[in-house]
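Just below is one structure, and these are the notes that go with it.
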Amino acid sequence: MAELTYRAAVARGIAQEMERDPSVVLIGEDVAAAGGVFKTTSGLLEQFGPVRVRDTPISEEAIVGGIMGAAMNGLRPIGELMFSDFLATCWDIVVNQIAKTRYMTNGQVSLPLVIRTANGGGTRFGGQHSQSAENWAMAIPGLKVVAPSTPRDVVGLLAASVRDPDPVIFFEHKNLFATKEDVPDGEIVDRLGEAAFRTMGDDVTIVALAAMVPVAIEAAGLLAAQGVSAEVIDLRSLVPLDTAAFLGSVAKTGRLVTVEENPRLCGWGAEIASIAAEECIWDLDGPIVRVTTPHIPLPAAAELEDLAIPDAQQVVRAVLAMA
Amino acid sequence: MAEPATVDIDPSTRLALYRSMVRARYFEQRAYDLFMEGIVKGTTHLGLGQEAVAAGFAEAMNPTDMTFCTYRGHNHTLLRGAPMTPLMGELAGRDVGICGGKGGSMHLTDVSKGAMGSYAIVGAHLPIAAGAAWAAQVRQSGQVSVCFFGDGATNIGAFHEAVNFAAVWKLPVVFVCENNLYMEYTPISAVIPVPHPAADRAASYGLESIIIDGNDADVVYDMATRTIERARSGGGPALVEALTYRHKGHSRADPGKYRPDEEVAAWMARDPIVLYRERLTAAGFDPTLLDEIEQAGLAEIDATTMEIRNAPPPPPETMMTQLWADGGSQWRN
Amino acid sequence: MAELTYRAAVARGIAQEMERDPSVVLIGEDVAAAGGVFKTTSGLLEQFGPVRVRDTPISEEAIVGGIMGAAMNGLRPIGELMFSDFLATCWDIVVNQIAKTRYMTNGQVSLPLVIRTANGGGTRFGGQHSQSAENWAMAIPGLKVVAPSTPRDVVGLLAASVRDPDPVIFFEHKNLFATKEDVPDGEIVDRLGEAAFRTMGDDVTIVALAAMVPVAIEAAGLLAAQGVSAEVIDLRSLVPLDTAAFLGSVAKTGRLVTVEENPRLCGWGAEIASIAAEECIWDLDGPIVRVTTPHIPLPAAAELEDLAIPDAQQVVRAVLAMA
Amino acid sequence: MAEPATVDIDPSTRLALYRSMVRARYFEQRAYDLFMEGIVKGTTHLGLGQEAVAAGFAEAMNPTDMTFCTYRGHNHTLLRGAPMTPLMGELAGRDVGICGGKGGSMHLTDVSKGAMGSYAIVGAHLPIAAGAAWAAQVRQSGQVSVCFFGDGATNIGAFHEAVNFAAVWKLPVVFVCENNLYMEYTPISAVIPVPHPAADRAASYGLESIIIDGNDADVVYDMATRTIERARSGGGPALVEALTYRHKGHSRADPGKYRPDEEVAAWMARDPIVLYRERLTAAGFDPTLLDEIEQAGLAEIDATTMEIRNAPPPPPETMMTQLWADGGSQWRN
């Protein structure tokens, strides 16, 4: 057991898999010599050498196209996109090629690859370096979508992603990089599609992801002080989606709130809310409420950015307003 | 343009080249007929007239080498060894289709033969082909990736990223631009400020400028052999521009009327199959041997056509298979 | 009044605006000399000349970046992307630049531009030429999203889009190109954000878009025969969204079904359902049902593609199952 | 590299160039200090050491010409005439910020001065700059677009698409690659197979290969004048590679340790401002005049700093303004 940052957990997770399987390789901009701009790949070049850990040009289509081709030919590559905003620069390869190729070839092609990328806001970087792009990926059939909220989960879910035979987009939240927790020694491997119950409760189900998980947990604490018992579910992966976790919880609590960082329209919260509205409407004792960033790009100024990203107070207000 | 190949190509290879072109020609002609008949649905982008490029490269490749091509990829997939009926079945959306009908005309793939897919977004497969070559390099597998694309594809960003990436990492990939002078309906000359869409860009990546007569199977085979072997032995990528012409329009029933009559006539007079038959005959090959190749090709496509006419569509449950490696398409519990 | 195809309506709509305003220009692949691969821009080169109607290289980033720059400098450009699938090849310029620039510059930059693109399936083109991408656009703050279902609406909504001071993604449905209706002579200009009631009804609200509108109308006919009265709402634009139309309708009918062509997860149907589940849950007499394409790429084979895209029978079954 | 400019540049222009570089230098140094102090938040990508490029081009442009730059765009925006306090205010996320605090350090824009934006996705602004030039061509407005980007940007697809597009349409745009030898931490030489990221690609687009000393303000000004005027008179685009170096790391507090000491020392010895002061002095300019320029620059940045320290943040309601042209951000009724 050692205390680990979320940032260091990324390198540990990658190293765990690279040690185990020589076909795992890592490429991206500044990932090798520099150890990544967020220092999430520190030490990997030294440990695994320049054939397996390699810096690329600023060519996102070459990075993701490159790992796709490599996955077709015997490697299990990990490609880093420095910021998730840059998914847009190679979106064609991600959605039209990586996501569809197994289906369109009727299973001839397997793509065991992982695209890791720094996601989310809170860093005052402005609108082009702060997006939460996990919804873009969730909307595309053929992509698995993972977004851990804790250092331990980074290791376990990264291992699961690397071992998964299908393409995974792995979102590392920039605002969580510095967070720490005690992480068990030895190999950690999770399963995709299993949500975690971060608090147990009877009055309301709060579904969250990545950096919104600590926000939801904080809100649950504040609500407890007001006599409201909240069950916080950390989805951990959007595809596969643990619908049983939240449907079961709502059956108990009768109330559902989703807490998302991304802009409001067509987010994963809408998907969760819609599933609930279709499948457990009779369990509901009130409206389903989505707490989200407003439908705007993230502003750079600290005061505006903090206002835009949901915080615990906002979640508390949403829950109390439902009653 | 390079001179006609003066290199020695052994007779059996030359017969194989002829046979390849003939088979591709019959396949594409029949695909057109079946499209007009409504049996092939959606669209078709035929490689009629461009057979020498596909034949020359396929012949020069090892079985474990990898082909990446476009929607205009029937020739390439067939000539890597994919069987004809599953290919035509895919065009017709039948269960017997090589992709079970899920891919369609633009997406022929036969991984077992190294035909690693036909990609319908212009330029997207160049980085993918480079990536496959990178895996070959890492794994020291000795494979080479060959990636075909059109003149129009040279103006999309992925072209630039892929060729640079391949050049700087010295990847074993041969990029082959089939310059047929047109994109869909617009001539390539209208959208580039240089005469040669690929060759005039090669220097950007420290690569040699290579332009060949893409209608001469010997020339193509010769350049294919040289560039593939150089790539295989660690010499890095090549960018080859093969000048050729499509006999039909861009796709479906396009009559190609935007092309000047004289231009069409000049290129029709350079039909790669007619030229090659003449060359072989002049070189002393027995014409009855060539006739037999043609007859066998016709018999093969006739047999395929018969099979396809009676082939059932994919069963409904296949709609939900093979999104994921577990065979299914479930995204939730 | 003359009968017009949806295809011809596109050219008419563009011509109407180009005649009115000399700053309107059109670029794209094969749009000029060839009149467009779907013949939606036939005759425009002849009418407006090669400066205002121009063929581009196959360079989608240059096309959409080009019209963005032009919109910053005094033109009202229309850019064509041949298929909406190709939005992925220039997604960065669309989402990170076009959508965000007004906000990030605090209003210094206006981008009166339209990206027109052929959307949707039913053509047996396979997974890379059949997508419904309107949800991708809806999820991005800063984009307006329009998708007409009839020839008349093509003209009126295209005019509204060209005149709009904000960037609009205009989705023309490939499977509707051949449809016809009588369209009034003279100028037609609609407003974005106004849904149309295609049938009136009391028992169920069916919300549809583009090619799903005729499907919904057909379903309403079949339902009528079974004594169920359906109100079919054609959204016409997703942003701005006419929420009043469907919330008002659900207040009357108590039941809501959305009919979408796109893959299931995070679609506009989920947004509609979530809005309803938050704002009119007490009006609902049953679950909210989304009819969608399954969460798969569209297969090419006719039998599979037809199975994947919602049809009237599927809508009818969904409505009857709610009861 | 081109020889030092031997052209005649009139004295007032030379003083203007000096003044520009000095103002930019003070601005960037202060931005760094304020970042370390926590007043400038998020990130900063400083143009320290690269001032001659920004100064030379800005001086050669007409007021209605348009500048497009990157996250490393403070110099360029300032030197087109954007006032200092709103720029620093934007870096500090204050209401007085040129974008009301919504943009931040990477997104300085002052449309009123032709500073058409700072773009933070590498390469994305090249097609946009070309598009603005296209509008100038269509409207016959006589404007020229000047687009700055780094060496690393030459490997992204948008670079290729934009330069080709501009060349084939003969658009009035000058593409300026500030080759400072590094991307973030990786040297450009590690990721391209040619020596010059921009100049060695120019021929792909039928353009001249142009490499200049980007630390020599006279040289930059001279080349800027020539390429801009050619573009303005219908001669089409240019691609200029200006060799330069950043004095600090890539961004924020990066100490730039990945760069060899001798390399850093050699370039520090070629500080564009020191060199230019020496040249002006040697040419007989009165040193007190130069001192005054420096004092004025310092006074300006000090005044700005004071204003910024006390400036309020943007009011909360501005979060929801200016998504749309109606001033608001409503997406529904």
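We call the chains A, B, C and D, going by the order they appear; numbering starts again at 1 in every chain.
Assume a residue touches a chain if its C-beta (ideal position, glycine included) is under 8 Å from a C-beta of that chain, and two chains touch if they have at least 3 such contacts.
All figures in this text were calculated on a predicted structure; none of them were measured in a lab.
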Selected pair, greater C-beta contact count between A-B and B-C: A-B
Chain whose mean Cα position lies farthest from subunit B: D
Distance between chain centroids, defined by C-alpha means - subunit B, subunit C (Å): 36
Gap in Å, rounded to a whole number, between the CA centres of subunit B and subunit A: 40
Between subunit D and subunit B, distance of the C-alpha-averaged centres to the nearest whole Å: 45
CA centroid of subunit A to CA centroid of subunit C, Å: 30
Sites on subunit B at which at least two other chains make contact: 100, 102-103, 107, 119, 121, 124, 155-158, 161, 164, 168, 190-192, 318, 323, 329, 331
Touching two or more other chains - residues of subunit A: 56-57, 59-61, 85-86, 88-89, 92, 96, 103-104, 126-128, 141-142, 239, 265, 295-297, 299
Sites on subunit C touched by subunit B in the complex: 29-30, 33-34, 37, 55-61, 85-86, 88-89, 123-129, 265, 294-297, 299-304, 307-308
In the complex, subunit D residues that touch subunit C: 66, 68, 98-100, 102-103, 107, 109-112, 116-117, 119, 121, 124-136, 138-139, 141, 143, 145, 157-158, 161-162, 164-165, 168-169, 318, 321-327, 329-333
Residues of subunit C that touch subunit A when the two form their complex: 85-86, 88-89, 91-92, 94-96, 99-100, 103-104, 126-128, 135-136, 138-142, 239, 263, 265-271, 273-274, 276-279, 281, 284, 286-290, 295-297, 299
Contact set on subunit B toward subunit C in their complex: 41-43, 90, 93-94, 97, 100-107, 119-124, 152-153, 155-158, 183-186, 190-192, 258, 313-314, 316, 318-320, 323, 329, 331
Subunit C residues within the subunit D interface of the complex: 23, 25, 51-52, 54, 56-57, 59-62, 64-75, 77, 92-93, 96-97, 101-110, 112, 141-142, 164-166, 193, 239-244
